[in-house]
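Look at the two complexes coming up: chain A is in both, with chain B in one and chain C in the other.
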Partner chain A sequence: MNELFLNNYVIVYLFSEAVLFLIALYAFFKDISILRFWDFNNFSSKQLKLEKQSYLLSTIATFIFTLKLTLLIYFVYMIDSLSIIIPGAMCGAGVISANSYGMSLLFVKLITIFTFLLFLTLNNLDLKAKNYPLLKFKSWVLLAGLLLIFLETYLDIAYLFNIDLSVPVSCCSALFGNLEGANPLPFGLDIKMLLILYYTLFVSIILSLLLDNKLLTAVTLILFAVISYYAVVYFFGTYIYELPTHKCPFCMMQKEYYYIGYFVWGTLFSALFFGLIWVIIGLLKYESKVLKRITVTSLVLFVSLCSAYVLYYYFKNGVFL
Partner chain B sequence: MVKIENLNKFYEIDGQKQYVLNAINLNIQKGECVILKGVSGSGKTTLLSIIAGLDKPSSGKVLVDGEPISKLPDMHLSSFRAQKIGIVFQNFNLLDGVSLADNAMVPLIASGIGLKEAKLKAQDALKLANIDHKANKTPIELSGGEKQRGAIARALVANPNLILCDEPTANLDRANSLSFIQTLKELHNMGKTIIVATHDSLFEELDFEHRVVEISQGSLVGRG
Partner chain C sequence: MRNNSFFYFLTLNLLKEKRRFVGIVLISTLLIFLLSSVLFISSSIKHTLNQTLIAQPDFIVQNIKGGRVSPIKDEQVDKIVDIFGVKKVTKRVYGRYFFDDKYSALIIGVDFLDEQSNKKLAKIMDSVDLKSFLSKDNMLVGQGVLNYLKSHYYTSNYNFLTPSGQMQKVNIFKALNVKSSLLSNDIIVMPLELAQKVLGLKENELTDIALNVPNDSEWANIKAKLESLNFSTRVVTKKDMKKAYENLFNYKGGLFLVLYLIVIATFSLLLYLRYSLASSLERKEIAILRAVGWSIKDVLKLKFLENIFLVIFAFVLGSSLAYIYVFILGAPLLKDIFLGGANLKQFTTFTPVVDYSVLSTIFIVFAVAFLGSVLIPVWKIAVTEPKEAL
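== the complex of A and B ==
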């Protein structure tokens, strides 16, 4: 136990996560019984009870999703705030890499939110029909989401317990000079090729959405998310910070940068999540123009925002970084 | 029109099942008028609520116009009820702050009908219930009998085939009760299926074709 656990942010965070864990545990057993005993054509007491339980589960899932989304933003804010007590850390980048659990935890958090968003979409479609055609599938998705919550709880504890306040961590300082050493960009790309790929994938996603090509949309979206991470950290971010050596995914979420990072990453994940859900429900023979619109809007906002920082810098200073 | 098979409704109190309805089997044909007779607490209102989809059974099958009403998801249930079922409540359940015409339009909100058409339909329903002359009055300006007619208009506005009435004359005097029964007769002649839950003895002397089904302590007495 270290003094990290006396921090107000950490106490609130762990308490909220503990409440969610208990609710998830309750939902887990109810979901298992739905998966085992559901038979829509049966009019027995058990089946009618399961039908009521399925409503309860969708209410619980809505609550979990809302709280998880809020807690994700809070978590990012929290780790940024913790940088003042962790030696060497200047922002969330240092805190999250304080041990090997940090990045895994962040990744699991994102996957959990995606899973619950998928469940809520399936639930919405399921209740539009009269005979719950997606009930089994959505229950499996919910089960996966609940298991992810259990994993997340373990990672929460493992991460926070294993932050050693006596050992300095590496932070943006290490990220600053990254391009001077080994190339940190994927597939051996340089910045120019990274940007060509970034804009090409953007156009490809829009076209594949317009053409209703599910497979192409899924592939391009996932590729775009990966490329976008590097593009934001190693190119667009430098324009947000107006410093060519500052390559950090977290600092842009600080007050000094008007918390713009939340919007940048938020629009990227919104496009990725809603786009992939559009693909998944498409494979189940459902269509949703709303999901498609959200995907396109998020994508356009993300790319426009990133590009706007570059253009703004250029018009202000007459040069690129 | 209404088919009930082995319907049970119970509450678990201290691990014991307290049955409100017990093994109910009932078949009601289209256009039939059924008087569900029983003393207070016999389960009439619960049975009517389950048929209306306002309550869920603990077990058993309830089909209304072929649909398993207790299994319909909420959004289907609301539109099904708005289109197929008209309900007249014992306490009328009218909105005090708005006119009778607006009260009559309430069930049409869910069906997404335009305002102009809704107003016309409400006008027709008020005329059918003989209360169109009070269309602009609010419920607090009306007598019990007039409120009941307003409630009937609201039940009829979507032209449902099934009309459910829960103790419809409990708050009416004899003259208004007889007038209500006259309205029921007209609805019956129009081919509507009617179920009335009541313990009012006036319904024992109806001068049109009907069937009396007696309910006692949650079970049907005799053959449903």
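== the complex of A and C ==
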């Protein structure tokens, strides 16, 4: 037996994931019957039953979403706390890369949350109208979300069972920092170009949101997310740590940095997710001022937070790193 | 709030139907109380040990013979001092002295004229008037030791029986202060040479050697160098110790948690049944609400908020009771599971640390199980046709 499975966080995490899995399994069958038999113009008792079931599904989805969001934060925290047990790891970065499942697990988690967020938005719009116009579509979205949960449960197990405590893992400076001169940035960018792109994309997202241009918003948002990841890890992060060689997306979630990482990544993903949902419902001919406002707010928060760290450092020390 | 009347109705309903929820709240509170007490104890001990660990030296060099720790020769110290990057190399002499079968104290020999690698010890030394302390055979004792000696009528000195069979008389100089009792309750601090005599070591023999390496990226390197000094050397690092503590308390807490989850599962089943067999009165109420124009969504919202309220209420109540039980009353009964009554008899109080991760752990375990099990029954009640129920 692996010592990992006696860690409180791991036990609680696996337990919650198992409960959610069971609920998701139940919802999965209900969702399939809705997708198969739904016919709004039919007045049979079966249709009535399905309408009631769709309420159950939206309740379950709300439940799952709330918990998944909490568990994502909990998961990241757990990963961080495991770094004491796993040899060589100093923060979450090492633990998550202890085997090849870790990164995909984190990725699937984010997509799951996005899918459920999309479902909840669609559900909200759907219930406002009288004839359930989006029901088929939202049920497909839910199906995708539930399948993602199954995948996630599999990855949870595969990841945690395959962490070998006798093999040391790399720490974040080995994973991100010390690359012996190789350029870690994509498309052959350097830091200066990266920052120019970062701020240009930021402005263009705001502009395309103002112009209501869906396609442009989607493209710029996705590009911005990619660029932001690199910008935070390789530039802004160094100002958070106040150390030019410390490049890590995980360490900033530790207590030493006042858990600021949760806020940094939280605002970025909130901007990305709400922005994309705004685009998707826009394509279905719905408008939402609220979503747009949330996107802009989180985006501005994210960018100003990152920039504030740089400015703060400059005003304090009179130099850039 | 936007729908004020909704919340008004919710609270009104909860207050009116108090009796319906009393059972659930009682059991929930009890379950949360149990879990929180155990987790509070384990995190408090972990905290205390980590505090101790911070003050510990980074490395300890021991001599191993046949898998057992045996005295190390003090010429090793000179070799270690020559390694670059090593600071505060301290000769350490310590061991347990058994006053009788049941009571023992840790004797720590200190070279008072040297700098101390243990930061806590260094603090203790600062408060002692060295000149008068070293003029005779004196010792500093922890509160627990002092109490033991007093109860055996040794008020000013004690005669230690050394392994060679001689008596060694040592005066009690002063008692150490009571703070952080786990660390200093049963220790005796005395000069190095005296400790060697009491513990039966030769003049050039030490228990082990402690040292600090300020630059922690050099740790692995220094460890390799220390190990290559001698074939029989074992090097223990601070990180090893931290990991060992972590595993020890994970083991105890984890075992409990696994058993606890079974209890939670049973409780969920009970909840599921309780809500599935909702009384006809409850169904009627829902039917009336539906009949006066509430949608299924509203009813679901009402029922859910009701349950979330119950969970939060039980959580706050249970964890505050646990706080009182552990940190104010000192966790009678449960304490022995963690501390093993016999070993650490002197342990008095738990340092109150409330770790938010512990609290969120408790909350997640409970909320997931509770809300997950009422989810489907509550929906079944909410979608009942008013016509059927009335």
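Heads up, the rule we're going with is that the second predicted complex is superposed on the first by the 314 of 321 C-alpha atoms of A that agree within 3 Å, B and C clash if a C-alpha of one lies under 4 Å from a C-alpha of the other, contacts with A are read in each partner's own complex, and residues count from 1 in each chain.
As a convention for this text, a contact is a pair of C-beta atoms (placed from the backbone, for glycine too) under 8 Å apart; a residue touches a chain by one contact, two chains touch by 3 or more.
Note that the structure is a prediction, hence the values are computed from the model and not measured.
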Quick check for you: in the superposed arrangement, does A:127 touch first (chain B), second (chain C), both or neither? both
So, does A:9 touch the first partner chain B, the second partner chain C, both, or neither? second
Partner, of chain C and chain B, that touches more residues belonging to chain A: C
Determine, under the contact definition given at the top, whether A:23 touches first (chain B), second (chain C), both, or neither. second
Is A:52 in contact with chain B, with chain C, with both, or with neither (first, second, both, neither)? both
By the touch definition at the top of the document, which applies to A:74: first (chain B), second (chain C), both, or neither? second
Could you say whether A:40 touches chain B, chain C, both of them, or neither, answering first, second, both or neither? first
Same chain A residues contacting chain B and chain C, which ones? 52, 55, 127
Per the touch rule, the chain A residues reaching chain C in their complex are 3, 5-9, 11-12, 15-16, 19-20, 22-23, 26, 52, 55-56, 59-60, 63, 67, 70-71, 74, 77, 81, 84-85, 127
Within their complex, state which residues of chain A touch chain B. 40, 43-45, 48, 51-52, 55, 126-132
Note which residues of chain C are touching chain A in the complex, please. 39, 242-243, 246-247, 250-251, 253-255, 257-258, 261, 296-297, 300, 304, 357-358, 360-361, 364-365, 368-369, 371-372, 375-376, 379, 382-383
Chain B contacts chain A in the complex at 5-6, 8, 56-61, 67-68, 70-76
